[in-house]
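Chain naming follows the written order as A, B, C and D, and within any one chain the residues start at number 1.
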Amino acid sequence: MSSSTNLTLGQYFKNIQNAALSTLEGMAVTFSWLFRRPITIQWPDKIEKPLEETLPERTRGILEVETRICTGCLACQKACPIDTISIDMERNAETKERFIARFDIDAAKCMYCGLCVDACPTGAIRHTTLFAYATDNIDNLLLSYVDKGEKVTPFRPKDPQPELRARGSIGKNVLERNLKSKN
Amino acid sequence: MDVQSQINLIKGKFPNEVLENFATGTFVNAEKLKAICQFCRDNEELSMQVLTCMTAVDLGDHLELVYHLISYSKKHDLVLKVTLPRDNAVIDSVESVWKTADWQERECFDLFGVNFKNHPDLRRIMLPDDWQGHPLRKDYTPPTEYHGMSHTRKNPLIPEGQSATTENSNG
Amino acid sequence: MQQRKIAMVKQELKDLHELKQLYQPVADEMLVNMGPQHPSTHGVLNFLLVTDGEVMHKAVAHVGYLHRGIEKIGEAVEYNGFVPFTDRVDYLAAMSANQGFAMAVEKLASIQVPERAEYLRVIATELNRIASHLVANGAMAMDIGAFTPFVHWLKEREFVNDLMEELCGARLTYNYIRIGGVAFDCGKELAEKIVKWIDHFEPMVDEFDRLITNNEIFVQRLANVSPISAEEAMSYNLVGPNLRASGVDWDIRRDVPYSVYSKFDFKIPVGKGFRGTVGDCYDRFVLRILEIRESCKILRQALATMPEGEIMAKVPKTIKPPKGEAIARVESARGELFYYVVSDGSSKPLRVKIRAGSFTAMSIIEHLSKGVMIADLVAIIGSLDVVAPEVDR
Amino acid sequence: MWYLANYLEKNYAVSINGQESAWLIYLIVAIASALVMLGFASLFAGLASFVERRIAGRIMARVGPNRVGPQGLFQFVADGLKLIMKEDLIPNGADRFLFKIAPYFVFAGMLGTFVVLPFGANIVAANMDVGIFYIISITALVVVGIILGGWASNSKWSMFGGLRSAAQIVSYEIPLALSILVVVLLSGSLSTQGIISAQGGLPWDWFIFHSPFAFIAFFIYFVSALAEGNRTPFDLPEAESELVAGYCTEYSGFRFVVFFFAEWANLWIMSAIAVICFLGGWRVPFISVEESTSSWGIILLGLAIFMVKTLALVVVVIQLRWTLPRLRLDQMMNLCWKYLVPGSFVCILGTMTWMVLIDWNSMIGLVLRVVVFAGAFMLLAYYIYRIRFNYMIDRDNYKKMTGKDMWYPPYRLP
C-alpha cells in the first residue's frame, strides 16, 4: 500500500503479505485480551473496602492538624510556599501564656507538596488519604481546625504525650461540618 | 577544548569585541554578537552547532542577554553575554545562524521587551497580543484584571476584620 | 472565446502539478482553526492551518494558553518552595524537572548529595521516563486511530503511578526530590514490587510491538512522514528522542554525565531509518520504545546495587546560596531539560530560566508542515511528543 | 412474507365492496414486514452498540457499560432517550433543509437493504430475483446522505468528513460489486435465495472454499464492505482524532441517533451479505434445498445457523475496530485502486477458468474444495495458536505481580 508510484511487483506482494500477517498478529493479541482480568476499580460502590483505607501510607491527601500536639511554632506557616496555612497566636496579658486562637488551611489553594509536614517538629500537621471532597462552594474548602472562641494551649514537648486521634478522622469531621454548615 | 582557549580563539578573530570574561564564558559587544555567533558556528575547532538557551536577566540597572552554546561533536560549551540598556534594548537577531533562536527571541521579546532587528516574525508568543508591559522585568506590576475580568479572589484565610483582598501574586 | 477556455484548462493542469511540487498558493486556500479545543493537540495548542483541501500550505502555531508564569513565581518563592512548581513545568516527567532544579541549586550552594539519594533519584526518574514515554506513544497511536494500545499503555502507567504513590506520596506531581537529597526512602518490599512489575512489563512491550509497532497500516501511516535531517534537528535545537531519531548520538546521561548514571551500562538507541528514511515519525516512535527497554535495564541495575546510607545531606532550613549563577542539564523524557539559576545571595533566586524540549519541538512544526496532509500533521505532533505545559511554562 | 400474502389471499379472499382485494392484502403485509424489519434493525442496532462497547471494554482490560439494567443491557435505551431529549440544534449558516433530511437518506439507504436480506428458508421480506444487484445500488443512498450532512452543516471539519466519505464509498463500490460478481458466476442467479440454495450445508460446499480465487474474493468483499460501512480501518469520514467527528460534527439529538443507528445496523447488513454469498446462508448440513422448506423446525434451524454465522462475523468486525489504526486518505484510495480492483478482476478470471476446467460436483472439484477448506482451517488453527501464545506469556508474571490469576473468560462479566 505504499503510495510511491515506482512499486516493484515483489514489493506489491510483500505489502499484501505484510498487511495480512500483521493484521492477523494484531487480531490474535486483541483476542487474547478478552480472556484477561479487567483492572477497573469500580469506585465508589463495587469495592470491598472504601478506597481511603487501601491507599499507601505516604499518600498526600488533604491536610489535617492534631491540635493536641501542636506546639504553635508556626514552622508550617513559614514553610508553605503559597501561604495556605494561617495561624493566629494570642497572648493572655496577665497569665503570660500563649494559645492558638485560629488555625485555618485553605484546601482549595493547597498544592499537596508536603513541605509543611516536613517542617513540623512534632508531626501535628499531617496528610490524610482523603481525596474525594468536591463541593459546589469553594468556601467549604476552608478547613479551620480551631473552632471560633476555643482556646488551645500549645503542647510543650516535656508534657506527657496525650492519646492521639486516628489519622484521617479529624479531617473527615471538619469536612463534614463544613459541608453541613456552609451550603 | 576548555573555555579559556575558546575565548582566545574568538579574541584572535575579533580583537576588540571580546570584553572581560568569567568562569564559563565571556561578555561580548552587542553590535558584533551576530558575527561572533556566525564565527562560533562555522569554525571547525569551535563548531558550536546548537544554541541551547538564549535568555535575558534583569539586573536592576541593565538587562543582560545570555547565550548558551554547545557543540555535540566536540562536547564543549560556551556562554556569551551581552549587556543592554533597560529602556530601548535592541540587538540583531541570530535567527539566521540557529533556527531555534526564532522562538526563543520571540519569548525574550514578549517577557523582557528586548527588540530584535530583522527577526522574521517578532510578535508576542506567550501573552495575548494586546498585553501591556513585559512581566519578567523587575519593575512590572501585575494587573488585577484583564478586559474587565478580575482574576483575584477574596483570600478566605484573612477573616473579615483585617485587610481586604490580596492579589494572588504568587499563588 | 475558445482560445481563452483552452488556455484556462491548460493553466488549471499546470497549477495542479505546480501545487503538489512548489505549493504556490494558486488554488483558493482555506483557513482552518485546529485547536485549542481539538482532540489531538495534546493539551491546549492552536494551529491555524492554511489548507487547500487536505494538503496544508502552512500551519501557524499559537501557544501561550497554558502560560502560568512559572519563571516569575521563581523569583517570588524560596529555593525549597520552588521545587513543587518545577513539577508543574512538565507534569508527565515531573521527576526530571525536580532533579534539574535541585542539581542547579546544589551546584550553586555546593551541597554534596549522598550516594543512596542519587540512586533513589535515578530509580524515580527512570520510572517516570517509562510512564512519560507510555503516554507519548499511546497518544500518538490514538491519533493514528488505534485506540487499544493507548488504553493498555495507560494501564501499565497506572501500575507505575501506584509504585510512585508508595515511594513518594503523589501520582503525578511528586515533589520527591529535595535540594540536597530525597524526601523518603525506598524499603525492601517496595524494591521487590518494582522488580516484579518490570518482569511483567517487559514481555508486554514485546506484545505491543506485535500489536501496533509492526502493524503494516501503522508503518505506512508513519514511515517517510516529515523526516528531519540531523542539521535541521540541531539548528532547531531538537532534543531527546526527536534528536536521536535524526541520527545525532547525543544523550546527557552519557555525554554530560551527572548523578550516578556513569555506574550503569545502558545503550543509547539512535534512529537508523527502521522502516523509512532516518528521522521520520516512525523512527521517533520506535526510539521511545527502545528507550523504555533501556530504562528497564537501568532500573534493574539501580535496584540491585543500591548502597545503604543517608538519603538527605545536612541542609539549612532556608538555603541562601552565594551570589552567582549555575546551569544544570538533565535528560528528561522529552530531552534535555536546561536550568539556568542566577542567585543574588538572598533566599530567593534572582532568575530561574527553564528551557524545555517541547518548546523547540513546537517551533519546528511550522517548518515541517509544508505540503503535509492534516492526518499527517496530527501524526507529526504526536511523534514530536509536544506537551502544552512545557511549551508555555 | 409473500408466501404469507399468497396464503392469506387464498383463504380470506374476501372482496370488499366488489373490487378484487388482493392488492390490499399485499399492502398490509408489506407494511407489516417493513415494521418487522424496522423493529429487528433497531433492536439489533441498539444491542450491537451495547455488545460492541462491552467487547471493546474487555479488549482494553476495562469493563464497559454494566450499570443500566441487568449487566447494562438497557444502555442503548438510555443512550437513545438521552439523545432524543437533547436539543438537536442547527448551526447558523447551515442549509436548513438539506441539514434536516441528510440523516434520513442514510437511514433509507440502510433500511432498504433489509428488504432483500433473508433470515430463513422462505423468511424474506421480498424475494426479488435481482436481490444482490438491488443491494449494491441502494447502498449508494448512504453516500448521498453523508455528503449532504457534511456539506449542509457549514463547518470545515464536517465538509472534510463528507468529501472523504464520498471518495471512499463510491470508489469501494467497485471491488464490492466485482467480488459479489464472483458469487453470481458460481450460483448463476442474482436473487439472494437463489445464491444460498446453490450452496450446500457442509463447509466445503460453500462458495468461499470453491477455489483459492473465491477465497480471496471473500476477503476483498470483506475489506470493501468495511469501507462501505465506515468501519475501521476506514473510518476516515468520522475520524475522531483528526476531524473532531467528521460529517456528524454539528449533529446532535435525534439526528445524531439516526446517523449512528445506520452505522451499527450496517454491521448486520455487511455480515449478512457475506454469509449469504460466501458462507452458505441458512443451509442446514445434509438437508437438500427442497426439504429445507418442509417443516418449521428445519426453517428455524436454518435461521439459527444463519444468525450464528452472521454474529460471528459481526464480532470479527467489532474486534477489527479496536485493533487496527486508520488509513490516510491517499492510502485508502491507493488500496482500492491498486490492490482491490485488480485483485477482484484476477478472482473473476480465476473463478471462471476454475469453473470451466473443474465441474462443481465432480470428484476433483470436491477434493479441491476440501483442500481449500483444509488450508483455511490451518490458518484458523495458526490464529488460535497465536492467541494462546499471547495469553501464556503474561500469565505467571501477572500472578506474581498482583497475586490474582489472570484467567477471566469473556462470559464471566465483572
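Here, contacts are C-beta pairs under 8 Å (C-beta built on N, C-alpha and C of every residue); 3 or more make two chains touch, one makes a residue touch a chain.
Bear in mind that the values here come from a model prediction, so they are computed numbers and not experimental data.
J.: Touching chain A and chain D alike: which chains?
T.: A chain counts here if it touches both chain A and chain D, which gives C.
J.: More C-beta pairs touching across which pair, A-B or A-C?
T.: A-C
J.: On a CA-centroid basis, which chain has its centre farthest from chain B's?
T.: Comparing chain centres, D lies farthest from chain B.
J.: State which chain is most central when centres are taken as means of Cα atoms.
T.: Per-chain C-alpha centroids compared to the overall one single out C.
J.: Whole-Å distance, chain A centre to chain B centre, using C-alpha means?
T.: That pair's centroid distance is 38 Å.
J.: Need the CA-centroid distance for the pair chain A / chain C, whole Å please.
T.: Each chain's C-alpha centroid was found; their separation is 27 Å.
J.: Need the CA-centroid distance for the pair chain B / chain D, whole Å please.
T.: That gives a centre separation of 62 Å.
J.: Counting only Cα atoms for the centres, state how far chain B is from chain C in Å.
T.: Chain centroid spacing, chain B to chain C, equals 23 Å.
J.: Specify, in ascending order, the residues of chain A that touch 2 or more different other chains.
T.: 1, 3, 15, 23, 25-26, 29-30, 33, 39, 81-82
J.: I need the residues of chain C touching at least two other chains; which ones are they?
T.: If we look for residues of chain C contacting two or more partner chains, we find 77, 148, 152, 155, 207, 210-212, 215, 217, 220.
J.: Which chain D residues sit where two or more other chains touch them?
T.: 59-62, 322-324, 327, 330-331, 390, 394, 398
J.: Determine the shape of the graph in which chains are vertices and touching pairs are edges (line, ring, star, complete, other).
T.: Here the contact pattern is something else, fitting no line, ring, star or complete shape.
J.: Pull out all the chain pairs that touch, please.
T.: A-B, A-C, A-D, B-C, C-D
J.: Inside the complex, what are the residues of chain C that reach chain B?
T.: That would be residues 63-64, 67, 69, 71-73, 76-77, 232, 234-237, 248, 250, 255-256, 327, 329, 336, 338, 340, 342, 350-351, 353, 355, 359-360, 362-364, 367, 392 of chain C.
J.: Touching chain D in the complex: which residues of chain C?
T.: Of all residues in chain C, those touching chain D are 30, 32, 38-40, 53-54, 141-148, 151-152, 155, 159, 196-197, 199-200, 203-204, 206-207, 210-212, 215, 217-218, 220-221, 373-376, 378.
J.: Where on chain D does chain A make contact in their complex?
T.: 55, 57-63, 319-320, 322-324, 327, 330-331, 334-335, 338-339, 382-383, 386-391, 394, 398, 404-410, 414
J.: What part of chain B is in contact with chain C in the complex they form?
T.: Checking each residue of chain B against chain C gives 24, 49-53, 55, 57-59, 66, 68, 72, 75, 98-100, 102-104, 107, 111, 124-128, 135-136, 169-170.
J.: Applying the document's contact rule, which stretches of chain A touch chain B when the two form their complex?
T.: 81-84, 86, 102, 104, 106, 108-109, 138-139, 142
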